[in-house]
Amino acid sequence: MTDFQAVLNSIYQDAIHATDKGVVASYIPELAHVNKDNFAIQLRTATGKTFGVGDYNTPFSIQSISKVLALSKAMSLIGEDIWKRVDVEPSGHPFNQLALLEIENGIPRNPFINSGAIVIADILVSHLKNPKEDFLNYVRELAGDTNINYNIDVAKSEQSTGFKNFAAANLLKSFKNLNNPVHVVLDFYFYQCAIEMTCSQLSDTFYLFANNGKCLQNKLHITDRQVKRVNALMLTCGFYDEAGEFAFEVGLPGKSGVGGGIVALLPDHFVITTWSPGLNKKGNSKLGMQALEQFTTKTKQSIF
Amino acid sequence: MTDFQAVLNSIYQDAIHATDKGVVASYIPELAHVNKDNFAIQLRTATGKTFGVGDYNTPFSIQSISKVLALSKAMSLIGEDIWKRVDVEPSGHPFNQLALLEIENGIPRNPFINSGAIVIADILVSHLKNPKEDFLNYVRELAGDTNINYNIDVAKSEQSTGFKNFAAANLLKSFKNLNNPVHVVLDFYFYQCAIEMTCSQLSDTFYLFANNGKCLQNKLHITDRQVKRVNALMLTCGFYDEAGEFAFEVGLPGKSGVGGGIVALLPDHFVITTWSPGLNKKGNSKLGMQALEQFTTKTKQSIF
Amino acid sequence: MTDFQAVLNSIYQDAIHATDKGVVASYIPELAHVNKDNFAIQLRTATGKTFGVGDYNTPFSIQSISKVLALSKAMSLIGEDIWKRVDVEPSGHPFNQLALLEIENGIPRNPFINSGAIVIADILVSHLKNPKEDFLNYVRELAGDTNINYNIDVAKSEQSTGFKNFAAANLLKSFKNLNNPVHVVLDFYFYQCAIEMTCSQLSDTFYLFANNGKCLQNKLHITDRQVKRVNALMLTCGFYDEAGEFAFEVGLPGKSGVGGGIVALLPDHFVITTWSPGLNKKGNSKLGMQALEQFTTKTKQSIF
Amino acid sequence: MTDFQAVLNSIYQDAIHATDKGVVASYIPELAHVNKDNFAIQLRTATGKTFGVGDYNTPFSIQSISKVLALSKAMSLIGEDIWKRVDVEPSGHPFNQLALLEIENGIPRNPFINSGAIVIADILVSHLKNPKEDFLNYVRELAGDTNINYNIDVAKSEQSTGFKNFAAANLLKSFKNLNNPVHVVLDFYFYQCAIEMTCSQLSDTFYLFANNGKCLQNKLHITDRQVKRVNALMLTCGFYDEAGEFAFEVGLPGKSGVGGGIVALLPDHFVITTWSPGLNKKGNSKLGMQALEQFTTKTKQSIF
């Protein structure tokens, strides 16, 4: 049997001695002053064991990782109707997202590019009574942890600098693919992205996607088929313009965020979360990608 | 010598009997309920004569025609610095304006596509003390007529439906090509487009572009060279995706608006304004285009 | 243990009674006159068992499925150098492939879109002594079957109608990403696509991708890591603009062709091939997609 | 009255002392070894006078300037039917010509971008008995000079390096907007572009566009209305991505070629040709553009 702790320790040693740790996202001051030397891996297995190394109890901004949680909540609210408003195909090319949106008449390529995530946020705003509060409670419930919170400074910072998201939301609105006012949807969206969690909390939260829709507390949130959909989307669209590379190097469904976090999972086996704030050129955590590649290579645990 | 009045009368007869008068713009209620049967031509010659036929004293929404006036005001304020932020090349393709903006890193192709006009509006907001008031006074001064006004209902209506303009402005902002807040710039921009004028007033206002930069009151507003720039831009970019066709059929620098107005001019000779609210498929006044084509054919007055 | 034959039989019954069998590709006469009622599934397990239903011994044109075999041959010839000339990211949007190629300076998004496959063909033409003969022998060796052949009529037909491929090849050439003359590369490419095989032969041929690089005859052709790369590419890029949908519905790496064939596989477990000539709107076999979805649902054999 | 010779002399003095003469096109060896110091201006007035300075009797490769002559010949052959296959709108963006062609279903934006010129070449191939011979005779007739010839080395050189044109032609073919075989059309097209003329010959050849369709020998080749069309197209589309700038700086209909030639004209007044092989970043003759700007500024002879 694999000694997971030994594998994590070995990856950790490589990571802390890496000379190139990537570049910390700087478009928001709150993200920019995070220490690049933070590094963590945390693993939760389907058999209930947990392993960790490094700063896995330090919270960080989950950013785009939240898009997966928003999608699963939307699935539990309106099910298949989501796909009338968002497609499920990989897109690549973050640089011309708005062009794609124009060409495809306001239907975002998938729920993990920003325009798609904004449509999902619109759905949550429409169907949740107190969107911010209810969504946070959903995340807390998945994690079984009431200490999870929004970082309001980060949310406000995005609010005042996220012009490309405002452009996308207005374009969606012009195509009648946004039901609520732009500022209301984006206010929710920026909060959603500004949730802070530790690696441990993220592994716990994502456990339902490795456990057929049941969270750690054994409550069924989404169906088997919906879990399959989420995992297929993470595999094909979870890493901006590096999804193909990740599918090969790591071979797991996963999702990254510009805060430097990555969550990946093998259905029925485990959830693994890494955190290293330095990003590579495509916007994914440089050491996190490498750590996951090493993990699946060393443990031979991947979907292929 | 050409009997201009006879030419206008003859065009008028054709126009009022036309079976296909195009389609009135409907995206704003205030524009939609304009009577399609309105038709007018008004001509002002460099020798000081005026000729008119039809409803040339009825005011209508000048919309994009205002972009030329905003440009000339910006020229008088900051001169050549404009061209650091906007290009001067024709673009075609209104459908993928945002795509173009992304590809060209936030530099709009020219000041008459919406994104370009928004940059010009940003310049006016930065350099005018009371932007709305000062711009209206500028237009009134050009026309020598203090009765010209904004239609506030039209402006407000655009404010609440112009999502594509909000998208463009936010995209400009993300490329740092907008110095003022999006809502401030667009508030001004929607007012600018919502100016109402009659054909007579428009001919008077545009007189400086046929008169080497001097308005009707003989005051010099922009230089000879700036007039040449404005006229070259009108000729190559004044008619959305129909600039080439207009250059051929009419052969005059000109600018159209979705309110159904068109102003065109022959430097040192005349300014001519038409109004017919029905638009063709490319968004230009259907009968207005035909009227101008007939006018330059019958009078042999064009740049070619 | 799953009764695979029973599962295949049940899918077969549904398929032959389907009212909508899609539309047979008609751009080549040789493909157009194939009978839409053909239907087959064939399964080969890692334990050496085979199961089949329908016309699984009738040969058909494998078309784009050949791209996977060309890629594996190129891998065994030049290894990682391939990725200097082709990327590994999903692309979507078949309609604007040339646009993508222009934007990305002649580097195709992945080896399974036509421009990427043409680059792979160029590599084979450069490195094989007798490209057509050698490639056919490679395929025959993988399948352990010397009866596999090119359909020369199909190849010639593509030669005289494949203008979009000539456009792509010339564009690649203009970016210096094609070393051999356009007509030489495309001559090879059209032959490669015109290989005919039965479902059984295809399952046998693709066996190496489910068997860590060893073919049926137990010869190692490509490394473990190369197999992982091929499978990751099939999963993210194997189905034109329906890769995301296939990843979800079926959840297996696979590749389709306009001849109506689909090969899919679960590493270490099985290869499965379907054939039904009618295509859906996205160019994939309509009943083949459905059959594979039913198969993985009923057997619970997918990567998720 | 303007002393044209003095104006030309003064421009010539500036030009030969210019420190930055641009960069000679190098994609064909035959064009690359032209001496950058060549400089010429030649003027023919409607009153029959000619003026020249510099190397105006040295032949050079007219390249894209030939597109105007091909268009006028096509006009005299099939008239308005041309516009079913080519549009008349400016396009800008030479870098994504193929993308535009894909988006617009194979209808080139105008007859002066390469794809449009290839469609015109296809028309000539269809309607001329001996296309190369007949077209050369047409040009000779316009110029009244039987010494004009193709440079066969240049034509053959383009034949073996013009991959982007082969890409465009094949794409046109895939959209069924090319009736003849690609290699036949491009063979003609490359010859057409490889005509060599002196500045004097070019001014003579283009005389019909300043003379209502009648050539120097007073023969009517195209109608008034067709001349207007050609001139409108030159004004809006004659200078790649610098048409707007040329319309402003020079204010004349004109056409440039990568051989360093530019022809421009003022209807009823004159034709002027410049030649300076160094190009600016947008592919137009650097000193030629400047010379024409100075000419129209000094003589106040422009359309504005």
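Order of writing sets the chain letters: A, B, C and D. Residues in each chain are counted from 1.
Note that in this section a residue touches a chain if its C-beta (ideal position, glycine included) is under 8 Å from a C-beta of that chain, and two chains touch if they have at least 3 such contacts.
Remember, it's a predicted structure, so these values are computed and weren't measured experimentally.
When each chain is reduced to the average of its Cα atoms, B sits farthest from subunit C. Annotation: 55 Å between the Cα-based centres of subunit B and subunit C.
Subunit B and subunit D have Cα centroids lying 32 Å from one another. In subunit A, the positions touching at least two other chains are 96, 103.
Contact between chains, as defined at the top, is found for A-B, A-C, B-D, C-D. Taken in their complex, subunit A has these residues touching subunit C: 87-92, 96, 103, 109-110, 227-229, 231-233, 235-237, 241-245, 247-248, 251, 253, 267, 302-304. Residues of subunit A that touch subunit B in their complex: 95-96, 98-99, 102-103, 163-164, 166-171, 173-174, 182.
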